[in-house]
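Below, chain A partners chain B and then partners chain C, in two separate complexes.
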Partner chain A sequence: MSGAALKRTLLRHPGLARPAVVAGMFLAWEIAARWWIDPAFLSPPSKVVASLGELFATKGVPAALRITLWELGVAFAISVVIGLVVGLSVGLSRFANRTGMPIILLLYGIPQITILPLFILYFGIGPPSKIAFGVTHGMFPIIVTIVAGVQNIKPILMTAAHSMGASRWQIFRWVIFPHMIPSFFAGMRLGMTGVLLGVLLAELYVSTAGIGYYTQLFTQSFNPTMLLALVSVLAGMAIVLNEIVRRAEIHFGRWRS
Partner chain B sequence: MSADSTAIRVRDVSHQFGEPGDAQFVQALQNTSLDIVRGELMCLIGPSGCGKSTLLNMIGGLLTPTTGAVAVHDKPVRGPLPHDIAFVFQENALFPWCTIIENIKLGMVFQGVPKSEQEPRARKALEAVGLKGFMSHYPAQLSGGMRQRAALARALSLETGTLLMDEPFGALDEQTRMVLGEDLSVLLSRTEKTIVFVTHSLGEAVFLADRVAVFSARPGRIKEIIAIDEPHPRKPAFVTTEKFAKLRNSLYELLHEEIRKTVDQSAAMGAAP
Partner chain C sequence: MSPKHDRRDKIASRAVQIGFLFGVILLWYLGTAYWGISRILLPNPVNVWTELKDIIASGEFLPDLRVTLTELAVAFTISCTTGVSIGYLISRSQYLIKVFEPLIASLYSVPIILFLPLYVLFFGLGEGSKIAIGTSISFFPIVLNTIAGFGYVDKIFITAARSMGASDVQMFRYVLLPAAFPVILTGLRIGFTVALLSILGSETIASLEGLGHRIVHLAEAMETARMFAYISFVVVIAAFLNTAVSALERRAKRR
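Presenting the complex of A and B:
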């Protein structure tokens, strides 16, 4: 294939260019790590991938990953429940909206990392503090998107349902609820991002058994290979969790297209 | 006109939006009375803001008159009467997350139709409006005209005695409107329904109605009622007859003065400090 033809093919299919960019970045990383940078600080990706087996064989690491995954799951579930309950009540009641919404937006705007020490103080250095910190990061985006989702229903749809004799419950079940589903899933995706951020921040801040402990251990012992392997596993976990919620969002919002 | 031939009785209704003295205060309708006969198609026509949609919503129980009363089949209207009255709205009022047939069934769910009857009734209604092949489509996949056909099918499936249509073809282009009007005339000639139809279009009013109620400018009152003495279903050729032209012209004369007044009113409001 000539250069011009290659260029044309790539321009028409940006999807093909994407893996090329990713491959280029990995190549640059590999070269830099092998010949330029002190191996005490950076390992080449080939070595990182090769050490994944060793990572999982390290005593305590699988358990730490399990604990982190469990913290993420619990924090996400709590965020969804709180987000749904608060979001629906604030979205559906004018009074609750006027009173509650400004407070929610204010709290959402606070950089919570500043109060992380308080979470450790109140919930201890074990999983509860990580879960609590994950929840406070995850629930706000869910609340805010649900409120917005409930409120932008076309009034004519409510009028139509009302004129056909729908009860309050039927209007909720058949009009408000299906209308809200896409924003609910969009909120869950944002909530998942928030939960990952909250839990991992708390993990890294202080940890006795979770992955935060091992990241510190690998950093302090100048073992970038294992550190990067652990970070890759975490990133992989985050991508998979986000992708699950994103797929669900597309599936339940397909009438919108 | 005998008492039991009256399907809808509107007595001396007025409607105000807001309180007198408010900046937004609007006297939409003033001391209006109207009797609509069982089985007839009554068109309401008038300048914008004269209160014809307000009257329609009061008949359907979506709005409560400030004074006066409405009765449908001698039942006083105090809220929606889903077993007696079905609506077709101007805007697309289909639920976008339901397919066409699900939309129609949902109407019946709200009305309380037993589950076993929903499917056959929905299919029958879709066949009547010519949408049988589109029942699994979502509203967004259909044209504006087809969506209004689907909305009509939903209203028909509810099998109410009365159908209220608020500019159902208002958002459609002229040609789609014409075809839908012709189909509606054929469809409705087969039913015994009482229909109240709000429109802006003189031609549509003459083509569809048994009687046309012409409204005055705000505050709206019924200025005159014109009878269209032509059997249903109306032939497309009716539009080209001299009779059609005469009726249309007399409506035009009645309306023209009122539309002028409305325009002058809004100009005066715009000029006020």
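Presenting the complex of A and C:
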């Protein structure tokens, strides 16, 4: 393909140009790391990819990744349960909403990172503190979206169901529940972002066996290759988890349109 | 619902809220003063209050506050200028939007705090790594909102202005900017908040000075009362900054 034809194809298909941009960035990184930057600080991507095998062979790293994944899962499950229970009880009652919502928003507004040392103090340096910190990041967005979702149900639907003699349970099952599903999954997506942030922050802050220990180890021993490999694996994990909940959100929100 | 009933409802919910706050503080006080909760785990609220007064009266917080605010100011300035200008350049062509917007959005979904160890490796434990993390986290909402603001201006306005003979400068000043401004402002506000949080966070994780560092330092020294006082101090500062930025945003949008 000649240069002009290539240019024309790329111009016509932005989807093809995107990988080209990504490839260009990796190329720039490779060149910069090979010839300009001190290898004690930055490694070229080729070396990082090549070191992935070594990373997984490093004693303790697979276990650390498993621990982190487990912490994420548990924290996410707890956040969803708390978010669902609190969100529904606050969203479904006018009084609870008026009373509870300002308290929830007040708590949500606290920069939680400042109380991270407290979590270590109360829950120790093991997985429980990471899970607890992940939960405080994950549950608030879930509560807030569920409350918003429940309240956005058109009153006319509730009135109609009510006047046709639906019981409270029937109203919940056939009116509130289906309308809640999209906001529930939207909340789950935000909650997942929060849980990832909370758990990773706590891991980076202090850790004896999780990934935080290894990022520190690689940083202090000036081993950018392994550090970048570990960060890429974690970033990959985060992307996959985010993508799962995003797909679920799209899938379950479809019935409306 | 009658207005009278409504008002009674409102008073009742206020009462519950105030009761909740008092209840928490009362439980806290009783728990520490009489029920023997360890002073290291949960300090007495009276002690925390004394420590807080001492911190403010002695001015001990000033150097740390200055460090944190400087980092925030530098990081926010960099992410504003780069975010808005890159966003504007991308928004000038539908093609560039199609190429870059999904790329930037998918990068945004990676928890950027992961790069903190890398930044510490590159920029050291001092202000450099905090500025870098604050900048890279706040860059994304700013650039995405700038693209959204400039990129999706209603075609009718552009065509109308063009057909009435607007120059490029006039087009920017009277059509594009007013249409995009509110969206960009929202991006700037979100960027400011996340920059503040990530700077406090990175100070907590690895640093030599700053408010986050001070809290960790006190936690490690087991001076819990003073740590609680510092935490409340930082919470108030953060709340103040966020409220101020939101108020500025609302004011600028009204015009």
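Everything below uses one rule, namely that the second predicted complex is superposed on the first by the 243 of 257 C-alpha atoms of A that agree within 3 Å, B and C clash if a C-alpha of one lies under 4 Å from a C-alpha of the other, contacts with A are read in each partner's own complex, and residues count from 1 in each chain.
As a working rule, a residue touches a chain if its C-beta (ideal position, glycine included) is under 8 Å from a C-beta of that chain, and two chains touch if they have at least 3 such contacts.
Everything numeric here is computed off the predicted structure, so don't read it as measured data.
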**Study point:** Partner chain in contact with A:121 - chain B first, chain C second, else both or neither
**Key:** second
Practice item. Would you check which partner chain A:166 touches, where first means chain B only, second means chain C only, and both and neither mean what they say? Key: first
Exercise for review: Would you check which partner chain A:156 touches, where first means chain B only, second means chain C only, and both and neither mean what they say?
Suggested key: first
Review point. Is A:175 contacted by the first partner chain B, the second partner chain C, both or neither?
Key: first
Check your understanding: If you stack the two complexes on chain A, which partner ends up touching A:21: first (chain B), second (chain C), both, or neither?
Key -> second
Exercise for review: Decide which partner touches more residues of chain A, taking chain B and chain C as the two options.
Suggested key: C
Exercise for review: Across the two complexes, find the residues of chain A that touch chain B and also touch chain C.
Suggested key: none
**Study point:** Residues of chain A defined as touching chain C within the complex
**Key:** 11, 14-15, 17-18, 21-22, 41-42, 94-95, 98-99, 102-103, 109-111, 113-118, 120-122, 193, 196-197, 200-201, 204-205, 215-216, 218-219, 222, 224, 227-228, 231, 234-235, 238-239, 242
Review point. Chain A touches which residues of chain B in the complex?
Key: 60-62, 80, 82-83, 85-87, 89, 91-93, 95-98, 106-107, 109-112, 138, 140, 158
Practice item. Over in the complex, which chain A residues touch chain B? Could you list them? Key: 154, 156-157, 159-166, 170, 174-175, 178-179, 181, 255-257
Revision key, fill the gap. Chain C contacts chain A in the complex at 9-10, 12-13, 16-17, 20, 40-41, 95, 98-100, 102-103, 106, 109-111, 113-118, 120-122, 196-197, 200-201, 204-206, 211-212, 215-216, 219, 224, 227, 231, 234-235, 238-239, 242
